[in-house]
Amino acid sequence: MGRYQRGWIGLVLFLSIGSGSPPATNAGTGLRIQVVGSTTVLPVASRAAQKFMESSSSRILVNAGGSGVGIHSVAGGRADIGMASRAISQDEKKRFEKSHLKIYPVGLDAVACVVSSEIYQAGVRQLTPQQIAGIYLGKIRNWKEVGGPDRQIVVVDKERHRGTRHVFMQYIFGNASQRTPGTLLVTGSNNEEQAKIAQSDAAIGMLSFAWINDDVKAVSLLDQGKEILPTWETVRRGNYPIVRKLNFITAGEPKSEIKAFIGFVKGPEGQKIVEESGYIPIGNFQP
Amino acid sequence: MKAGFGRGLFGTHHSEPVGWVFAAMNFIFFLCAVGLGLFLVVESVPILRSEGWGFLLGENWWVGETFGALPMICGSLIVTGLAIFLVLPVALSGALFTSEYLPSSFRRRVKGIMELLAGVPGIIYGLLGVSFLTVGVKDVLNLLDGNTLFTAGFLLAIMILPTVLTLSEDALHSVPSEFREAAESLGLTKLQIALWVVLPQSLPGIVGAVLLGIGRAMGETIAVMLVIGSLDRVPGFNLFVSGQTIPSKLGREAVEALGSGLHWSALMGLGLTLFIMVAVLTFFGNLFVRRSSQ
Amino acid sequence: MIQFKNFSAAFGERKILQELTFSLPANSITSIIGASGSGKTTLLRVLCRMNDRIENFRIEGSVFVDGMDVYRPGTDVYALRRKVGMIFQKPCVFPKNIIDNVIFGVRKKISKKDYPDVAEKVLREVFLWEEVKDRLGEKATTLSQGQQQRLTLARTLAVGPEVLLMDEPTSSLDPKSTAAIEKLVQSLKNRHTILWVTHQHDQAQSIADQVLVIEKGQVLPLSVPIVRPAKPASFTSVLQNVQGYPE
Amino acid sequence: MNAITAEKMVLAFIGCVTFLIVALLFSILAIMFIKGLPAMHGGFLFDESRDFGRAGGIFYQSAGTLILMGVTVLWSLPVALGSVLFQTEYLESGKFKTFLTQLTYILNATPTILFGLVGYLFFGVYLEAGVSWVTGSLILAVMILPTLQVSIREAVEALPEKYREAGMALGLSRPAQIWRIILPQSFYGMVTGVLLGLARAAGETAAIMFTATTFSGIRFPQSFSDPVPTLQTHILVLAQEAANPESIAQAWGAGLVLLGLVFLLTLAAWAFRTRMVMESEL
């Protein structure tokens, strides 16, 4: 056996060892639960899964994608639980009739209209739905027109299937899939939108309350002369209008392990995680 | 003349099992390549049937209502064109200097650096893009926002620079030295030789290099996706607005539509469009490169 | 032993050998001379089907080696090549040590413990044994060109060929090595049929039992047996009888 | 201004441009180091990531990337090797050979996202491998096939014809010819190809981001249908939080590791290629 031939065998061995040959058996591990969907619900699911797995043999994989992806995946059998930060739309209900989608609300979130901190500092503290609509339709192009500095508005929109966009547009326009010709920039996840608004000094956008921070400020909504502050207090009292349920969705009756996980999230420990993640536990709210 | 001895596809070796194993491997490769194209075609049939030419020419992409690919096609063309426009003078200068002026040890080093650069993953460029380029473009050009077609084109220019440079340099370097010596004996300066003798000789190779660079730029997903702004709108003649390219659109929406429905078919239609554009470019690119190396 | 019957060969449209019909006896040395491009090398290469890899190579007619039709479909081409060994113009040793090179063609056919014996036997046959016996583990590329050429000959002999095809084996060697190879070939004649392509007329004359002159793909009629050891008239004078033969 | 001055000015200009291009590499490297090193605390390479990647290390992500790379080459190498040997040693029709070479080039230039789309549909849906490391590695395997093929073919074709003929003249059968002459002689070329293929697989994000990876919940894959976490998608997720200093610091750290991995593979490939050139000049 020559040097080269040995080299060859070495190469093959290196590759097979290098590839780690992961154990192929499923023995000893529990059911694998795939959770896919809304980036708003993601932190809750991900933290809860970590906690849940400490006392369970199930393995829970959590993946992002957006509410639309969550609903599609669970209906298409590609996931066990879909996460959605909005209700199932009529269109989806019709399309996925056969899947018998079941909804489990696990928490509550509010979507705020947010602006870059520079704009907030410059005095834009409140906007009417009409103003927001004007901005998104491209009729209002300068912050000057809504009481801000003389600066063009960077209108940040979200991808169409995102739950945040659905509820926001529903409130502003009464149409969840409103077309918005004023848009300058489209983002995907909450993280991305937050980043883009923070990087800009003249942006407006929509964000779940949990993503609001010093760089990204929420403005009050001025609805029919009444100012509604974007705080958890107003949400809890039922005054804040852009509120949505954070949902887990399954197709038909779930298996017991999956049910156990959903139960865990809805239970006291899970609800604590919901609160830590910046949302309102489902039990505290009576609409 | 008689047919010879078992010519044709499998030569004289029908009886070698090893040969059949190799043939099978080759067949797998063949299937992969052809299957890819075939899949794209088959999967995009529904959208082409429902939208017809409107698919390529439509200006709106609203899932569930209408699918028009024009914004993405325009975006891809603009971004790629911009990248080439930016990269060409730089890459050619670099290639000319490396090939005609640098001593061979330095030349090898420069080529090595280019090869390393060419291997930098797209995600790294994406990271550099979101952290520096978008902010930089916005501040320097005093724009509303830095996520623009220009940003994407600029980033792509940096990405394809090593590829274009090193391939053009190969083309320049492959011009036989007799040509240079002949020109030298006529009293031409080095620059004159480079511009009048070497450059025209290696033109096909350079064109090929550029076409291959375009191909790479057109297909880049991640880096573009992070800095382009993802707005599906036909951008007109303004480079400093957000836009969308075909790959960035695919990257953003593939998960949502995964595997079924008209939306998926529309995405596959986009993919097919991209595939055809890149395949044509590559075909001619290789044709030119080969012609110059002969 | 070797027989051509109406044999023609061509690369695409370019005819190399045309309608050759002749035969060569066993255990003899045949010199083949001719201008470059006359088809000498092709003539050798068809005998062990070395041109199979060339895509547009076409043949017509037949060639027999030891009664076996070389180009008949179904011929075991590998067995044929073991029977018909070929030595090239430039010695080609593999980048391995000397002994590995010598037994390269028979490695799987004999047992490992026989390697030294076989190697010694063939190396003695090519008069190389004394020169290399102490350095069998060294890389074969360290040998001189003449030694390398003898090594390739030993390598071929180890396979046990009946026919040896030598394509200008001495053209890249110095006179001393050339003489050594020429002497060696004489000693191999008893057991092998040897075809020797060469440029040099005097070499052809001094080593061969018969000379085959090829021109434009055809064998010229003067291909005469040389009566040895009596010296014939100077070979060039024979050539002068042939019209158009380049000096 | 006379011709000599013009010549000098042009020379100075293109010299500067070349210098700047070379400087580009070093500035990218410098940025990666300056930004990435702060993330490299003691356990960065060996800790699990925490708080959605904003803290902790990148151990399982690195492992996932390595697993994908390794398995990818395992799929791809036999196919690449077999098809090249078939094309160079067995196939005699020149036209078909040219056609296959064209296919290789086109496959090489195909945007990687398309491998992801079609690959997911074929391996993930039709072959029911789902979103998993198997799907991902199969997709990457098809993707790096041309890289391997080109390298191997170059190595095989660089083999001097004389070795081939010497082997033929000794009556070696074709498989023996391949095993004893062609493979040893093109060994280093093949290693070069494998390393470049690994580098390409390591740097790829688009093709695996929705076919092989997951956000959380996985350490090592425990079955064929499990996804893996990877460095590339980890960076992608963190890069989208460009305004969050913790995330972006972690992203730079992970980026530095990934870049180091790719450079290491490329440099190793060079070393082997130099070796190959030297061996073939013997």
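For clarity, chains are labelled A, B, C and D in written order, and residue numbers in each chain start from 1.
As a convention for this text, a residue touches a chain if its C-beta (ideal position, glycine included) is under 8 Å from a C-beta of that chain, and two chains touch if they have at least 3 such contacts.
All values reported here derive from a predicted model rather than from experimental measurement.
Visitor: Starting from the defined contact criterion, work out which chains touch subunit B and subunit C both, please.
Guide: A chain counts here if it touches both subunit B and subunit C, which gives D.
Visitor: Name the chain pair with more contacting C-beta pairs, choosing from A-D and C-D.
Guide: Spelling it out, more C-beta pairs touch across A-D than across the other pair.
Visitor: Centre to centre, using CA atoms, which chain is the farthest one from subunit A?
Guide: Most remote chain from subunit A, centroid-wise, comes out as C.
Visitor: Kindly work out which chain lies most centrally, taking the average of its C-alpha atoms as its position.
Guide: Central by C-alpha mean position: chain D.
Visitor: With chain centres defined as C-alpha means, what is the inter-centre distance between subunit A and subunit C in Å?
Guide: Here subunit A and subunit C have centroids separated by 80 Å.
Visitor: Calculate how many whole Å lie between the centre of subunit A and the centre of subunit D, each centre taken as the average of the chain's C-alpha atoms.
Guide: Each chain reduced to its C-alpha mean, subunit A and subunit D end up 34 Å apart.
Visitor: Can you give the whole-Å distance between the Cα centres of subunit C and subunit D?
Guide: Once rounded, the distance between the two centres reads 48 Å.
Visitor: Where the centres are mean C-alpha positions, what is the separation of subunit B from subunit D, in Å?
Guide: Averaging C-alpha atoms per chain gives centres 17 Å apart.
Visitor: Two or more other chains in contact with one residue: find those residues in subunit C.
Guide: Not one residue in subunit C touches at least two other chains.
Visitor: What residues in subunit D touch two or more of the other chains?
Guide: 92-93, 173, 240, 242
Visitor: Which positions in subunit A touch two or more other chains at once?
Guide: Touching at least two other chains: 2, 78, 188, 195-196, 199.
Visitor: Hey, which residues of subunit D end up touching subunit C in the complex?
Guide: 92-94, 162-166, 168-173, 176, 180-181, 279, 282
Visitor: Please give the residue numbers of subunit D that touch subunit A in the complex, ascending.
Guide: It comes out as residues 52, 63, 66-67, 70-71, 73-74, 77, 130-131, 133, 179, 183-184, 187, 190-191, 194, 214-218, 220-227, 237, 240-244, 247.
Visitor: For the complex, give me every residue of subunit B touching subunit A.
Guide: 62-64, 130, 134-135, 138, 144-147, 229-232, 241-242, 252-253, 255-260
Visitor: Where on subunit A is subunit B touching in the complex?
Guide: 65-66, 68-69, 72-73, 76, 78, 91, 152, 154, 157, 159-161, 177, 179, 183-188, 195-196, 199-200, 202-203
Visitor: In the complex, go through subunit D and note every residue touching subunit B.
Guide: Residues 3-4, 6-7, 10-11, 13-15, 17-18, 21-22, 24-25, 28, 31-32, 35, 78-83, 85-87, 89-93, 96, 100, 102-118, 120-122, 124-125, 142, 145, 149, 173-175, 178, 199-200, 202-206, 209-210, 232, 235-236, 239-240, 242, 248, 251-252, 255, 258-259, 262-263, 266-267, 270 of subunit D touch subunit B in their complex.
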